[in-house]
Amino acid sequence: METQAIIDKLREKFAAEIVGSDLETFDPWVEITPGSVPQVAQFLRDDPQLRFDLLHCVTGVDYFEPDEKKAAKVDWEPHVEVIYHLSSMAQRHRLVLKVTLPRWKDDTPGQLPEVPTVSHLWNTANWHEREVFDLSGVRFVGHPDPRRMLCPEDWVGHPLRKDYEMPTEYHGIRAR
Amino acid sequence: MDLLTEPVGLSHYLVVGAILFVCGVLCMAIKRNALGVLMGVELVLNGANLNFIAFSAPYLRADSQYATGLDGHLIAMFVIVLAAAEAAVALAIALNYYNNHATIDVDEGDELKG
Amino acid sequence: MAKFFIEYLDSLSIPILPEWIVHALVYLIVGLVQCGVLLAIVMVSVAVFTWMERKIAGRIQDRLGPTRTGGRFGWLQPLADGIKLWTKEDLVPKNADGLLFRVAPYIAFCASFTVFLALPFSDGWVAQNLNVAAFFVLAVAGLEIFGTILGGYGSGSKWSLFGAMREAAQVVSYEVPLGLCVLIPVMIAGSMNLVTIGNIQAGLFTNWLIFHDPCTFITFFVYGTCAVASVNRAPFDLAEAESELVAGFMTEYSGFRWSIFFMAEYGSMLAVSALATTLFLGGWNGPVPVTELLGWTEAAGAHPVLVQLGNLLGAANFLCKTYIGVTVMIWARWSLPRLRIDQVMTTCLKYCLPIAAAMLVGATLWLYAFPGGMILKQRLPDVSSQVPSDSCGTKTGDG
Amino acid sequence: MSLERLDPEMVEFDVRTDEMLINMGPQHPSTHGVLRLLLRTDGEVVTDVTPHIGYLHRCAEKIGENVTARQWIPYTDRMDYLAAMNMNLGWSLVVEKLLGREVTERTRHVRVLVSELNRIANHLVAVAAYGLDLGNFTPYAWTFREREKILDLFEEVCGARLTCSYIVPGGITGDFPAGWLDRCETFLQEFEPIIDQFHSLLTNSAIFIRRTGGIGVLSPEMAIDYGCTGPVLRGSGVKWDVRRDGDPWYTRMYEDYEFEVIAEIDGKYPQDQEYPPVPEAVVLGDSWHRYYVRMLEVVQSMRLIRQAMEFYRQTDPQWSDPIKVTEKLPKGQVYLETEAPKGQMGFMVIGDGTAKPWRARARSSSFCNLSVVAELCRGGLIADVPAVVGSLDLVLGEIDR
Amino acid sequence: MEAINWHSFFFLLFGLAAGGFALAVVLSGNIVRMGFYLIMSLGAVAGLFFLAGAEFVGAMQLMIYVGGTMVLLVFGVMLTARGPFVSMKTPGGQWVLATIVGGSLLVMLLHTAVSVDDWRVKAVAEKAELSEEPPEVELSETTNPDRLGMALVGVRSDQPDPRQPAEEFGMSGYLLAFEIVSVHLLVVLIGAAYLARTKRVGSRD
C-alpha cells in the first residue's frame, strides 16, 4: 500500500487526531496527538489492509537547544518527539508515527511528559518504551513495568535530554 | 595401655553401643527440630545394631558357642533396611509438616489440622 | 612385612626403647610406607590424568596442549598446576559454614582414595583382601557425595547448593543400576572378592567376563554409563556444570581445597575404571596368559621372584586397561554436550536401570543354561576354595 | 541489601519455602557478557526470568550526538563487536541516505563481501558459544580456528581484527591488498568441508538435539510481536530477510546477487546443498532451529562472497570517497535497517545542518531478541536458560550500547 | 610389654569416633552440623562392624545407611534449614531433665554391659595364647555373604536343626521376614513419594 493511501485511510478514521504529515521526506511520517496513540496504533495493527505487525523501534528525540545563541536560530519550539517506526510484513509497507510532547508536563521542570503506552499492542514497545523513559525522559502511561532500562535504578536524570548534566559522582565513583 | 595391648571383648562393643543408644535417646528427647529427632532415631538404631553385631561375633567372647552367628548379622541387615524405609517416611512427613506449618519445630505441631 | 622387621629387631635386642614402642613404631612406619606406596600410585595416576586430559583435549581441539613445562610434551605441567594451586590464597566466603566448607574436600578425597584399599592391582596385590570387596568399593565410592553435598551446602552460595542437590539426586540414583551391573560379574564369579573375580578370568581374553555372554557384554556398557555418571564426568557433570551453575559445588572453592576436590574426582575416575577392569576386562590378566605360558605362576612352582615379576606384569596390564578406561572418559568429555538434569535421571531410571535388571535376569538364565559362559572356560572357577590368600606381597594396614 | 533497595521487582517477589531467587550474571559463564538474569526457581524449574541489562551501557547514542557522523563509526564497531563490519555498514548506509550519496559498483561489492565474511565470523562464534553453553568445549576451539582466518583477512584489509571501521559513510577506507582475493578463496575452500565437521559435532549429536529440540519454542506470531529479527525470526519459520525485503536503499546493495533466505517453510529448508536432515525431535521455532538457521546461513554467505568476488573482478576499479570528518548533514531524519548477523540492526540519524547529528539512534537487534527471553525460559529448567539464551546469540555491547 | 593389639587399637579409634560424634550430635545446636556429625558417627560404626567381622553388614551400613539414608536426611536438612530453623535452642529445663534420665539410662546400660562375666571374658585372648597366630588373623574368619544370602531365603548353613532334618531347609531362615521387609520397603517408598510430592498449598498471597 502506498503511504498516501495509508494516510488517507487514517484520516478517514482519525481526522481529528492527525496533526500533520510529510510524505516527501526520506521516511514518510504522520504525526498524531498523544492521547490518540493507542487507538491509532490499534487500528494500524489490526486493520486487515494495514496490518502493521512489526514495530521496529520507539525513539525519543529531545528538541531543545541549551545554547541561547543557537537557540535563537532554530525554527522549532522546544519539545520532545516520540517516533514509532512501523512496518507490515504481510503488506510490505512502512510508516513512521510521530507524537510531539512538551518537554515537561505542565511546564514544570522535573514533571515528565506523558504518552499512553503501546506495549499491549506490540511487545517490542515494552523494552523500547522503558529505554525511551530511561534515556529521553518520557513517561508511558499504562506501561506494565515502568522501570529504567539501561541506567541503574537510582540514576538521576535522563541522559539523552539535551540539557542533561552528567553527575559528578555516583555512589562514591567519580563520574567526570 | 591395657586397652591397646589387650584384645577387646564383647563388653567394649556393648559400651559403645550403649553410648550411641543414650545419645540417640537424648537427641530424640531434647531436639526441637524434627530432623534432629530423626537423627536421634538413627543413633538409637545404630546402637542396637552394634550390639547385634557384637553378640554375633564368635571370637569376641569365650562362650562362643552362644554367639548368635548369622542371626545377629541378619537382624542388623533388617534394621538397616528398615531404617532406610523409616527415614524416607519420616522425611516425607517432616517435609510435609514443614510445608504446611512453615516450621520444623516439633513443639509447635500440636494441632492436628494439616 | 612388619612382622619380619619386628622379628629382626627383636633378634638384635637393642634396649633403647621399651619394646612395645618399638613395635608400635615399626607397625606404624611399615603401614605408612605401604599406604604411601598405594597412595603414590593413585596420586601419580591423578597427575598423569590431568596431563592426559590437557593433552587429549588439546589434540581433539586442534591444539597442542601443554608444551613448555618440563620438556616438549609438558610432562611437568601437573606439578606446575599443583604448585600454582597450593600457593594460591585460601578463601572462605563470609556466608560459608566454616567447618563444613573446610572439611568437605577431605571427605571427598578420603572416600575417593579409600576405594583403593580394596582394589587388587594384581593377583594378591591388594592392600586389604576383603571378602566383600566389590560391595565395599561401591559403598565407599558412594560416600564421595558427602564431600560434594556438604561443600555445596557449606559454601553458602545458591549455585553451590544447586550443584550439591544435583549431585545428591544423580549419584544416589545411579548407584542403583551401578550396583546391579556390579552384581552380574559378582554372580557369575560367585564371590564378591575382587581377587577371586580377577582370577576366574585368567587365560585367554575370551575368559574375560565381558565376553562371558551377551548380557555381560551389554552390562559393561551400562556400567560404563553409570560409572561416568556416578563420578560426575561429562556428559553427566551436572554438579559442576560450568555453563549453568558457574562451577556447581566448587564455585566458592579455590587453591588447595579446590585441588583436593579435583584429585578426588580423578581418583574416583581411576577407581570406577579399575573396578570395570577387574569386573569385566579380566583385571590383571592380559589378553594372552603370558605368565602362565612362561610358567611364572605359583601353580607351576616358579621361584617367588618370578611369581612377583609375573604379578608386576599383571599390575602393568591392569593399569594399562584402567588408563584406557579413563582416556575414554576424557574423550567423551571433550566431544559431547552435557545432558540436562531430567535427561540424566531419565537415562538412569528409564534406560540404565531396566537394562541392568534385564541383563541380571539374562545373565542368570545364561548361567543356568550354559554354565561355562559363551566360550567354554579352560578352567572353571572353584568358588568354595577361594579363601582370601595371605600370600600377597603388599598386604598393608593389618587391621 | 542494596539490591533490594534498587530493585522493586525483587522486593515484590514473594518467596515461597521452596522457591529460590538466583542471580545468573552479571558474572556468569553463559550469559555472554554482563547480562544479569534474575531467575526465580522452584527447584530446578524456572518459574520466572527477569533480565537486567545496562552493565555495559556507554550511552553510545549520546556520544553520537557529540561526534560527527564519520567519527561515530568506531563507536558502532563496539556495539556488536563480533560483527563490526555489519555495524559500520548500517550507520554508513543511513548517513549516505541522508546525504543522498551513492557508492560505486566496486565499493558496493566490497561491502557485500566483507559484511558477509563478517556474518560467517559472527555465526561461527554464535555456534561455538552455543556449544559451550551446552557443555561441549570442542566446537569452540574448532570454530575459533576458522574465525581466526577471517580475522586475519580483515587485518590485512583494514589493520584491525575486531573493530574494523572499514566501511565508512561514503565508501570504504581502502582497497583489498594484492592477492587478498585468492587468500579469501583459499579460506572458503578450506572452510567448506569443515562445516560438515561442525554438523557432525553438534547438529547431528543426539545429546545436542535433546538439549535444544523443543526448548524455547518461539512461535512466529510471538517473534514478530517482540520484534525478534534475523536468525531468531527465521528460526520460527518466517521467511523475512531485510537484504531482500528491506529498504530499497539497502536491498539495492544485493541486486544481482543470488541467495536463499533460510527459513523452514512447510517443513523444508531450501535444499541447494546437502544438509543434515531435520531430526524428528525438534519443533519449529525452538533453539535447534535457530542454531540450524545460522549454520545454513553460513553457506549462503559463502555463496554471496563467491559472487561478490566475481563481481569485484568484473567491475571497474572505481572507488567512492568517504565523507569528510566535518561533512555537514542536511536537515531530515532517516531510519534504515540492515540485516546484521544477529538480526535487523536499525540506525536512525537526524540531521540539523551541522556535522554532528542531532540525534543518532541505534535499534539493536539483540535488544529485541533478548526481550523475549523471559517468555522462552519460563517453565523450563535451569539448564534450559543457557540453551535458550545461547540460541538467541546475544552480544551485550549491542544491547547496552 | 606385648605388642599393640591392632584390633583393640582400631576398636578404640572407631569406638571413640562413633561415641564422640554421637555426643557431638546431641550437643550441637546447628542442624547441618548435626547431620555432618551423624554421618561421621555412622561411618565409624561401619568401621566397628568391619572389626567385629561383619564385613557385609559393614559395607551395607556404608552403602545403604551412610550412602543412602543419610543422603536423604541431609537432603531434608538442606530443604528445611533456613533462617531460624538452622539452630534451635532447647530450654535449659529440658536439658537438665534429659541429662538426668539419659545419664541414669547410660549408667544402667553400662552396668549391664560390664557386669555379665561371660561378656567380659575375651575369647581372642585365650585363643591367641594357644596359637602362634596374631589375633588379627581371626578377622578373616568372617561371615561369607553367600551364607547370609542363603539364610535370608531360608537355608541356614550355620545352624541346621539336627533334631528335625525335615525342617533343615526353609524353616529356620528368614524368608518371611525378608518378604515382609521387601513389601514394607515398597509400600514405604510409594508412601514417601506420595507424601513428599509437590503440593501447592493456597494461593500466592
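For the reader, a short list of remarks on this structure follows.
In this document, chain identifiers A, B, C, D and E correspond to the written order of the chains, with residue numbering beginning at 1 in each.
In the analysis below, a contact is a pair of C-beta atoms (placed from the backbone, for glycine too) under 8 Å apart; a residue touches a chain by one contact, two chains touch by 3 or more.
Since this is a predicted model, take the numbers as computed values, not measurements.
Each chain's centre was taken as the mean of its CA atoms, and the one lying most distant from chain E is A.
Distances from each chain's CA mean to the overall CA mean are smallest for chain C.
By number of C-beta pairs in contact, chains B-E lead all other pairings. One finds 47 Å separating the Cα centroids of chain C and chain D. Rounded to whole angstrom units, the spacing between the C-alpha centres of chain B and chain E is 6.
Separating the CA-averaged centres of chain A and chain D is a span of 26 Å. Between chain A and chain B the centroid-to-centroid distance comes to 72 Å (mean Cα coordinates, whole Å). Counting partner chains per residue, chain D has residues 17-18 touching two or more of them. Chain E has residues 1-4, 7, 9, 56, 60, 68, 70, 72, 75, 79 in contact with two or more other chains. Across the assembly, chain B contributes residues 1, 5, 98-99 that each touch 2 or more other chains. Partner chain E is touched in their complex by these residues of chain B: 1, 3-27, 29-33, 35-36, 38-40, 42-43, 46, 49-50, 53-54, 56-64, 66, 69-70, 72-74, 76-78, 80-89, 91-96, 98-100, 103-105.
Chain contact summary for the complex, chain A toward chain D: residues 25-27, 53-57, 59, 61-62, 83, 85, 89, 92, 96, 122-124, 126-127, 131, 135, 147-154, 159-160. Chain D makes touch with chain C in their complex at residues 20, 22, 28-30, 44, 131-138, 140-142, 145, 201-202, 205, 207-208, 210-211, 381-386. For chain E in complex with chain B, the residues that touch the partner chain are 1-5, 7-9, 11-12, 15, 18-19, 22-23, 25-26, 31, 34-35, 38, 41-42, 45, 48-49, 52-54, 56-57, 60-61, 64-65, 68-70, 72-73, 75-77, 79-80, 85, 88-90, 94-95, 97-99, 101-102, 105-106, 109-110, 112-114, 116, 118-128, 135, 138, 141, 143, 147-148, 151-152, 156-159, 174, 177, 181, 184-185, 188-189, 191-196, 199, 201. Those residues of chain E that touch chain C in the shared complex are 1-4, 6-7, 9-10, 30, 32-33, 36, 39, 43, 51, 55-56, 59-60, 62-63, 66-68, 70-72, 74-75, 78, 134, 136, 140, 142, 144-146.
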